[in-house]
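Each chain gets a letter, A, B, C, D and E, in the order it is written, and its residues are counted from 1.
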Amino acid sequence: MLVELFFFYFAAAVIGLSLMVITRKNPVHSVLWMLLLFFHIAGLYLMLNAEMMAAIQLIVYAGAILVLFLFVVLLLDLKKEIGEEQYVGVWPTGVAVAVALFTLLLIMTRSFVAGPHGNITIERVRELSHPGVVGRAMFTEYLFPFEVASLVLLVAVIGAIILAKKRIKE
Amino acid sequence: MVPVTWYMALSAAVFAIGVFGFVTRRNVIIMFMSVELMLNAVNINLVAMSHYLEDIRGQIMVFFIKAVAAAEAAIGLAIIIALFRNKPTAHIDEIKEMGG
Amino acid sequence: MESLVMNSLSYPILSVVTFLPIAGGILLMLMPRGNDNLARFGALAVTVVTFLLSLPLFTAFDRSTWKMQFAEMSPWIPDWNINYAMGVDGISVLFVLLSTLVGILCVLISWTAVKEKVKEFHVAILIVEGAMIGVFCSLDMFLFYIFWEAMLIPMFLLIGIWGGPGRLYATIKFFLFTLVGSLLMLIGIITLYLKLGGTFFIPELAAKAGSLPIGLQTTLWLAFFAAFAVKVPMFPVHTWLPDAHTEAPTAGSVILAAVLIKMGAYGFLRFSIPFFPEATKAMAMPMMVLSVVGIIYGAVICFAQTDLKRLIAYSSVSHMGFVTLGIFAMNTQGLEGGIIQMINHGVVTGGLFLMVGAVYERTHSREIAFYGGMAKPLPVYATMFLILTLSSIGFPGTNGFVGEFMILLGGFTKNRMIGLFASTGVILGAGYMLWLYRRVFFQDVSDNVAALADINGREMAAVLPMLFLVFWIGLNPDAYLGFMHATVEHLVAHVNASGGAAQLAQISQIIEPIGGGR
Amino acid sequence: MNFQMSDMAYILPETIMAVCAMLLLVADLVIHDKKVTAWLSLAIVGATMAFTMSVPVGTAFSGMVVSDRYATFFKMVFLINAALTILVSGAYFSARKEEHGEYYILMLFATLGMMMMASSGDLMSLYLGLELMALSTYVLAGFLRRDIKSNEASVKYFMLGAFSSAFLLYGISLIYGLTGTTQLAGIAKMLGEGTITGNPVLLAAIVMFVVAFGFKVAAAPFHMWAPDVYEGAPTPVTAFMSVGPKAAGFAVMARVFVAAFASELAGWSALLAMLAVLTMAVGNIMALGQTNIKRMLAYSSIAHAGYALIGVIAGTAQGVAAMMNYMMIYAFMNFGAFAVIILLDRNGTGFDGLDDFRGLSKTRPGIAFIMLLFMFSLAGIPPTAGFIGKFYLFTAAVNSGHVYIVIAAAIFSAISAYFYLRVVRLMYMEAPDSEIMCACEPVRVKIVLAVTAAAVVLIGLFPDALVSLARGSASVFRG
Amino acid sequence: MGITATHMLIPGLPLLAFLINGLFGARVIKEKAHWIATLAVAGSWLLSVLTVMDVLGGKTYYGDVYRFLTSGSLQLAVGFCIDQLTVVMLVVVTTVSTLVHIYSIGYMHGESGYWRFYSYLSLFTFSMLMLVMSNNFLQLYFGWEAVGVCSYLLIGFYYNKESAAIAGKKAFIVNRFGDFGFALGLFLVFINFGSLDYRTVFAALQNWQSPVLHIAGFDIDRITLIALLLFCGAVGKSAQFPLHVWLPDAMEGPTPVSALIHAATMVTAGVFLLARCNPIFNMSHSAMMVVAITGAFTALFAATIALVQTDIKRVIAYSTISQLGYMVLACGVGAYSAGIFHLYTHAFFKALLFLGAGSVIHAVHDQDIRNMGGLYRHMKTTAITFWIASLSISGFPLLAGFFSKDEILWLTYASHGSLGKVLWMVGTLVALLTAFYSFRLIFLTFHGQFRGGHEKEHHLHESPSVMTIPLIILCVGSVAAGWVGLPPALGFENHFAHFLMPVVGHPEAHGSHGEELMVMLLSIAVGLAGIGAAWMLYGKKSDIPDRMAAALNGVPYRWLQNKYYVDEFYDAVIVRPVIWVAKNVLLPVTDGAIIEGIVNGVPKSIGWFGEKLRSLQTGVVHHYATIMATGAFALVVLALALMGGR
């Protein structure tokens, strides 16, 4: 029962915070609401025995990505935009589409059938610790994507530099 | 015990909110954050399923999604900065040099 | 392979005749610009050599067999079971000869008429000639389709670049009309290929296709019909022809009239009838009705024309109506008449366009009202035109009569009413052609033409072969009909033998999926 | 399963490319003449090509990588595309004073991403490969940083790309939940049991894949980005994008749908059929009214995605082979058309109005003729390669019973002829406005033109080699 | 017996002359063209006479000389049939042709295109000979069409004259209507008998049961159908009602042409056809009836028109139509030999009339008889020969026309049934009219005062002897040609009919010699009455004609002057509707609005649709994303709808 209560709290918070994030006029406020949102998501992960994921959620998302957002928001001078209309003209369509999509996905979940179970039981996680399980998998079975992910990040670095660096003086 | 479908419903809600934000907000940064919301929706799904399937794969996927999200953030924000230099606005619907 | 007689000449005649003009065209294309006369003489040389090399088709053709002769066969795309297969039989051999001849005439008639982009013009002529010959020689449907479509490109350019004021509209209309039809045929070809064990070899398809269920046969027949009817052109898909004919340069009109629109009728003969005899029988009546409508419609609408070339174009609609009528009468006289009439129409209408082109070059007017009394300043021209006119209206002793007579006889044998209505085309034909002749050549000499020079030697050289053929075929049709007897008899027998095939097919159901053609 | 050295053999080409690209990134710091970087990157592509052709067949990295002939075929398409792009880029960017070494590096990484997509055996590696490609391409599209159109292209591509990625991930998550795995082979096995066939969740997941891949190949209604991005991006990048990511999209599409979702064939092929018809319609019809050649080609490339989809819809090995064959042919003809535009670009002032082609046959007969070849090939008129491509597709589709799609495709082909012919008409049948002065006539672009034109003609006349290669490569698919 | 080279040379010589003149006339031969043509046709004449001798000796010839066309069961050949009927025609054609050739030397002297004229004449002679010598229907058809073309060319000889150009075209096209039926008849012959060869067809007729066809609600014997279709050809060529309209207009051609083609030879081809196909016609009573009625009606119809014509050639032209009506009538009552006999005599006196008229025109340079008069004083030879010809046509006793016309009238009278009597009465009435208009012409032309003005009168002169000698020769024919077929009623043997009997048989006459004599006397009487009336009205100075014209200036006179408005009727019913339909329906509506509307409308609507679609492509990312999301939603719904719950 308690678990359900916790879930309902987190779920309600996540949905509420998500709505806050996307409805703020000032992007800085959005970023801050998002920070709070990420904490709640991390809480959900903890409920799901994914401690490592919760940690990464906070470290990578909250720590790195959101800070990046904040930098950019502050870098750009957005005073003008805050005074303007925040939604595009077709927003009712957007609402309709989002609601429709949500309804559809919601109805769909009722017929969800879970796939076959794997071998990473809670006991095994407890035995090896969660980071241990993730790390083992990461460096054995998932080594290849792991390496590719590094390339993705490299590309991101190159790209960011090439696009955002100051103009070369001619 | 919370059924996995609850998590899926939550995920769907967050995903839909992300879609809503993306298609309605003029501010490019908030649109971008909407995308992040959608990714987080996926992550919730994956972690929940990983938990219920007693399989680690979903969480590994989440890990990679986060890595890619970071990379995307870097590139996306760089693109926004580059754009801002030529046309100082964050309201992206004003940027429609091309169409038709 | 039992339907082939391999080529026994010292050279692969069909390949040479097909690819010599194309190769000549490519060579010409690679030559530097500027030297117009070089282009003209080069093209003339290529066409003449091609014609000479094609002559053994006339002399060495074995008239006693229906089999494909001078055949060549080698693998081309083995993966799809496509072969480079060439051969001619009694239906196609004459068209090859006609094409090679027309090539020369086109070069001749354009000698001074084309002043811009001379090299490119001759490249286009040569390539179109090669492609046309390829169409008639192909024994592989895929190869056939390649030539069939490839021809569109140079033709598109010919009309569009060197045509009259309305050329852009005309050329795009021409292209799209024919393309739509061809694409439907392509689907038909593919279906046929898949349903019949993965072969494109025409004799094999002809042997097998009759066993398809009648419903499928009819569908495929209609797909082929789309392409051929547009090309012929049959009513009501004929409207590209007047535009294309009118706007095309002389050589383009000649090619269109003499050879290109024959391909539709050729397609009926080569594919529709032998492949789908049952469907053809079912569709014969509608086709004959359409043909008759075309005959009368094309003829009547001629009376409203004020443009010389447009009138001849519409008369082509009428004349080709005779051709399709003969073909779908599906008796010996009708079929042979249809084939010979195709040649005749090529000769006569080709000749008429050559004539009109010669005078258009002088006056740059196609208006009938612009002319008048031309028989006085241009007596020789008038005489030659008269001969073609007479042939066009089916005057006995000229080739036009032979074809029309046989077709009408065939049509009449098949169905009295059809024959009756088709025959009225003969009256109408005389009406509009003589009306045209009177207004252009008789009456008071128009100031516009009083000072014109009569036809010159070069132009005469371009038209005389046509006049020669008018009388040769007209007076000795057996020399030409002899080519087709065996083939046509075989075709008629094939169609008549197809009675029980439909039931057979329902039993055997030879529909099996073909993976990758192997 | 632990990593074994032998696994490296299967990803040798990718490894070489990645390592060399990184080395080049460092070396670029000291190379002042960016032409050298260009040639070096071309050499890298060449080397990769050489190794790609000899890579062993098998799976590696616990099924993450599938090295088979199918992947190899597509890798060749990507590498050819990359090589051609590298050749045409130098002149374009140097004319705009934006020639940077990073451009080539990103190009290589984008190609690397595509290669990984083609040989991915797992949704995870698929996703990463896709993102590697996508992120590089976003940057490439915005490479002309001072050009607002380029910025706009980049930002649109990026935003919508991220949006579509989210859909893909959502689909992946659902599939994972349903099957407990992300491995394509595992998914196929699981779905093959038939217990969840027709499950709404599965259908939703498939739709999510359709959205994401549809976006990558620019299939309607997920094509909206394409015209704007193609128009705004630097022309060489447009050429690159119109072939590479599209081909990569098809590569994974066939893998995921035809191999992994084989049991759901009826479902997704019906969806894709609608998508294909819509795509052909939108692409061809909207191309009719365009006045900008790049935009017209963008719509044309949308339409071509529609044609290629027919091969996937067929759902058979033959269909996949036809699609592969088409992609190779499309790479040549489409790239050729863009190369013509690049060549005619007047000193970087932009050559993109359709009217600029007016009278080209008079001023530049050779170029005009080559452009004519490409236009007829794109329209699918024999004896060009474009016809062979369509013919194979039609055959495959008819063979699997999709006659109506083929009829639609035929009708839209005829419509497409109209706008391709318009270019020919302008070049050949109208008088030139002015002399086209082209100070720079880079040999490299001419090489590209020669290669693509030759390919278009030779494949058109002698398609057997390509056809049998495609068929052989597609034999990894059953059916 | 087989065909010999002699026979082939008969048409061969004129063909040769045509080729020589045609190819070299313009540059080399020019004014000497008549030599080649005349010699050739004279040669033909000589050979014809030799052939006649042969045939008189009882020999006939039949055979193919050249296989023309083979297609399945269709076997066509060029061949000749030289029998009694043929040789009569040979004589007529070559004789008149030769004389016209000679006459033209004078008449056409100095005309531009002199060589052209002669080459056409040679071509005509060749074609006509091919027609009459043919042994099969196709060759007959060939000659049929070929003479039509020559007629076209010769009528339009003065092509710069619009009326001539139009008349030539009209002649050709009106004939095409007849040929249309003729051709259909040929097809039916082939379909039913499997051949177009006379012998085969006629032999097959012997034991052939004609099936009955149902056409448009009528039951019609197939043989009747065939006969009527063939008769269509004859109607066209022999200018029978309702296809007679071309012949008067054909007078635009040079006068020798009128004499040769439009009087003596070509127009009689229809009669020849009827005689040649008598085995077919004999099998169908109803067809015969149609033929007879058509002939009689045409005779009367044309004669009435001739009464009021003022153009000298047109009077003769209508007279020709009328006389052709007689011949057709004869065939219709089965009196083929009588028809041919009249054809033969008619050739002489009608050619003579035309050539005489030509001589007059040559002198006056006018064709309107109101501007003539008193020419007798200036051109006696012409006038006398003209008189004799007119007497002949009026059936003056002992002249050629008398015997032939009389035979027709008698055999019509004697044919069984009351129809014969009615037709006979019509024929007799026509005889009256014939005499009247012929002599009206004579009196107006040759007698009284010249009305063309003094200036002109000074220049009046007789034509050169090259023109008058043919007149004299024809005059001899007009007088004596009839003596080969004297009526049995007067105790003679009709050699002509006897001669032709192997080919055309002989009709049974239901009547006595007494009746025959009565008929004969009556026709003489009406002939004389006609002449007398003409003299009363036109010979003496009289104002009766004018008063009559004024009094009748209602329907009858105006209708006659306007030839019963047949031309106008055709114009309104056939020509104008066709052109109207072409101009106002087919071109603008069917071709223009409907077909082109679709052809151009489809691309246009696609373009319109494209523009609408383009407005979706706004350039705004949000819109794109919305469409993507909507698309995703729609696809899920679709997928669920299509596949869900399986």
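As a working rule, a contact is a pair of C-beta atoms (placed from the backbone, for glycine too) under 8 Å apart; a residue touches a chain by one contact, two chains touch by 3 or more.
Please read these numbers as outputs of a predicted model, since none were measured by experiment.
Asks: Strictly by the touch rule at the top, which chains does chain A share as contacts with chain E?
Replies: B, D
Asks: Give the fewest steps needed to get from chain C to chain E, where each step moves from one chain to a chain it touches.
Replies: Tracing touching chains, the least step count from chain C to chain E comes to 1.
Asks: Which chains contact both chain B and chain D?
Replies: Both-contact set = A, E.
Asks: Ranked by contacting C-beta pairs, which pair of chains comes out on top?
Replies: Greatest number of C-beta pairs in contact occurs for A-B.
Asks: Let me check something: if the centre of a chain is the mean of its CA atoms, which chain is farthest from chain A?
Replies: The most remote chain is E.
Asks: Just give me the whole-number Å value for how far the CA centre of chain C lies from that of chain D.
Replies: That pair's centroid distance is 42 Å.
Asks: Would you mind pulling out the distance in Å between where the CA atoms of chain B average out and where those of chain C do?
Replies: 64
Asks: Once you find the CA centre of chain A and the CA centre of chain D, what distance in Å lies between them?
Replies: Between these chains, centre-to-centre, one finds 31 Å.
Asks: Compute the distance, rounded to whole Å, between the mean C-alpha positions of chain D and chain E.
Replies: 78
Asks: Which chain A residues sit where two or more other chains touch them?
Replies: 88, 90, 93-94, 97-98, 101, 104-105, 108-109, 112, 114-118, 142, 145, 149, 152, 155-156, 159, 161, 163
Asks: Note the residues in chain C that touch 2 or more other chains, in rising order.
Replies: Answer for chain C, listing residues that touch two or more other chains: 176.
Asks: Would you pick out the residues of chain B that each touch at least 2 other chains?
Replies: 4, 8, 15, 18-19, 22-24, 26, 31-32, 49-50, 53, 55, 57, 60, 64, 68, 71-72, 75, 78-80, 82, 92-93, 95-100
Asks: Considering every pair of chains, which are in touch?
Replies: The complete list of chain pairs in contact reads A-B, A-D, A-E, B-D, B-E, C-D, C-E, D-E.
Asks: Where on chain D is chain B touching in the complex?
Replies: 123-124, 127-128, 131, 135, 138-139, 142, 145-149, 151-155, 158-159, 162-163, 165-166, 169-170, 172-174, 176-177, 180-182, 227-228, 231-232, 290, 295
Asks: Which chain D residues qualify as touching chain A in the complex?
Replies: Those in contact with chain A are residues 1-3, 11, 18, 22, 25, 60-62, 64-65, 97, 100, 102, 105-106, 109, 112, 116, 122, 124-125, 128-129, 131-132, 135-136, 138-139, 142-143, 145-146, 154, 176-181, 190, 195-196, 199-201, 204.
Asks: For a test of understanding, state which residues of chain A touch chain B in their complex under the given definition.
Replies: Residues 3-4, 7, 11, 14-15, 18-19, 21-22, 24, 27, 30-31, 34, 37-38, 41, 44-45, 47-50, 52-53, 56-57, 60-61, 64-65, 68-69, 71-73, 75-78, 80-81, 84-88, 90-91, 93-95, 97-99, 101-102, 105-106, 109-110, 112, 114-122, 133-134, 137-138, 142, 145-146, 149, 152-153, 155-157, 159-161, 163-164.
Asks: Under the definition above, what is the set of chain D residues touching chain E in their complex?
Replies: 155-156, 159-160, 163-164, 167, 197-198, 200, 203-204, 206-208, 210-211, 214-215, 221-222, 224-225, 227-228, 264, 266-267, 270-271, 274-275, 282, 285-286, 288-289, 415, 418
Asks: Given the complex with chain D, which residues does chain E contribute to the contact?
Replies: 603, 606-607, 609-611, 613-614, 616-617, 619, 621, 623-625, 627-628, 630-632, 635-636, 638-640, 642-646
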